[in-house]
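To start, the structure under review is shown below, and the notes come after it.
Naming follows writing order (A, B and C), and every chain is counted from residue 1.
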Amino acid sequence: MSLLVVFDLLGIFVFALSGATAAVENELDLFGVLVLSSVAAIGGGLLRDVLLGALPPAAFLDGRYLLVPIVAGLLVFVGSHYVERLAAPVRLFDAAGLGLFVAAGTTKALEAGLGPVAAIALGSITGIGGGIARDVLVGVVPVVLRRELYAIPTILGASVVVIGDGLGAPRTPTVVLCALLVFSVRMLGVWRDWHFPTARVSRPEL
Amino acid sequence: MSLLVVFDLLGIFVFALSGATAAVENELDLFGVLVLSSVAAIGGGLLRDVLLGALPPAAFLDGRYLLVPIVAGLLVFVGSHYVERLAAPVRLFDAAGLGLFVAAGTTKALEAGLGPVAAIALGSITGIGGGIARDVLVGVVPVVLRRELYAIPTILGASVVVIGDGLGAPRTPTVVLCALLVFSVRMLGVWRDWHFPTARVSRPEL
Amino acid sequence: MSLLVVFDLLGIFVFALSGATAAVENELDLFGVLVLSSVAAIGGGLLRDVLLGALPPAAFLDGRYLLVPIVAGLLVFVGSHYVERLAAPVRLFDAAGLGLFVAAGTTKALEAGLGPVAAIALGSITGIGGGIARDVLVGVVPVVLRRELYAIPTILGASVVVIGDGLGAPRTPTVVLCALLVFSVRMLGVWRDWHFPTARVSRPEL
């Protein structure tokens, strides 16, 4: 098992934890917990592969990509009393997972021949699509669209891969730089409690 | 028209009834009723075909798959006063439809070369995807993720098809066994009011 | 840049305005505004291309289709104080965009070999899919399913394209007629405040 696969599965694992935690908080049953952990973990990658026409999606061709979310879901279900203690480490892994997902998604989009803007869009979808689907399923306006500062690290990281590709830089260091950048900026945002601006609204209703 | 097609259209019809009923209860207009009956009826199959890359989806290649939900939607719209009397028979057909959808979805996934875990996942998506989409569209956390015991019959049934395939059993009896098992376990769950467990949550908010 | 592309980008622009406006009203941050303007603008076309298997989708192969929603989102974000004054012109362009999207979607479906019912369904999905996704993301039951009279112009317009195709009429005048019809009927509905009927519900709960 290569180091890249290890990191990939680790990213899937922590994204799955976030999905299972959301499910437990919303009092879904065990099945709902497993569905939400899977959706959060592999939803972004599924969406990427569907949009690229790379079907069946990678997650369906390797049993581990489906089993890891199930294991994560069962752990959260059984250990739901202890979930709050895991908040800090999960956030760390979540930032790492985001970096890996954005790097992988942007790279795959470039390899499929997409242009720079589309590649950044697809890398972002890979990184945040699972979290959006998770929130929609529990009836919540996706947190990434409201206040969590996911966008800046995501777009910065995807841009690094696109620029590196445009300059003809070798793929591996670019991908590593992207993942590290996403991770650092995301953790910095969490640590300093950075938020994206919201617009002033002058009217009470439409 | 073969018996399989008859059962398939019957499954689509009862799933469409569930979508149209949800639409009427949420005071959607006639168009919303038709959209929800279609989404509930063919949404799971569309998702399956998209993920398999079998495009355009089967439901778009046979006009009947689109016309049956429209007929069901119109019936519910016109007869909304009588919908409650139909609850018991609809539940029966719904369980039958679930069996047929799971059997068909798992089989199609195996024939596309997917492994056992992915085939079970795709069979389940075929069976419950339409109901999830229906609930998301009316702003409700999907009932199948919360309390209805759809998961056990769905996964059991899909596993029967996968195991039968692994043992080299002929397809037809396996599919029939799957559909019967899903139907029986689902009806048993409805009759005995079985629910899936939910996790204890010790903290009021995140 | 041909006239058709100009109209297409104009349709995307006004649909993006509707998405960005919904985002600002729901107090999403800047990133959420950009995501919602993109989803509303190109979501229907993405869904159409996914269902047709025309992947990667057209919107990912032409950078302008991704940049126009970003510009529209930034304009709404910066000028959110003035959004209400734009309601009337936006509704006009929205009706025009609907006409162009339905015409383009139905035509693409016919060219992919789909039958009349499926082509009408896919043309409708192209026209209203983005608005539905926009509403789901902000946790609202899609307005097009509840009261806005989008369905009649949409289905009428798509039917014109299908009937014209069946009669062997040349494509261009049929498409123009479809777009004009959708636009006129939609504006007439806005002007006369037409709504689709909803069903009477006699029972308080299921």
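In the analysis below, a residue touches a chain if its C-beta (ideal position, glycine included) is under 8 Å from a C-beta of that chain, and two chains touch if they have at least 3 such contacts.
Fair warning: this is a prediction, and the values are worked out from it, not measured in the lab.
What angle, rounded to the nearest 5°, describes the rotation that places the Cα atoms of subunit A on subunit B?
120
Would you kindly state whether over half or under half of the residue numbers at the subunit B/subunit C interface are used by both copies, giving same or different?
Different; most numbers are used by only one of subunit B and subunit C.
In whole angstrom, what separates the CA-based centres of subunit B and subunit C?
28
Do you know which subunit B residues sit against two or more other chains?
50, 53, 136, 139
In their complex, what parts of subunit B are in touch with subunit A?
Residues 50-53, 112, 114-118, 121-122, 132, 136, 139-142, 144-147, 150-151, 195-203, 206 of subunit B touch subunit A in their complex.
Give the list of subunit A residues in touch with subunit B in this complex.
So the residues of subunit A touching subunit B come out as 21, 23-36, 38, 46, 50, 53, 55-57, 60-61, 63, 66-67, 76-78, 80-81, 83-84, 87, 136-139.
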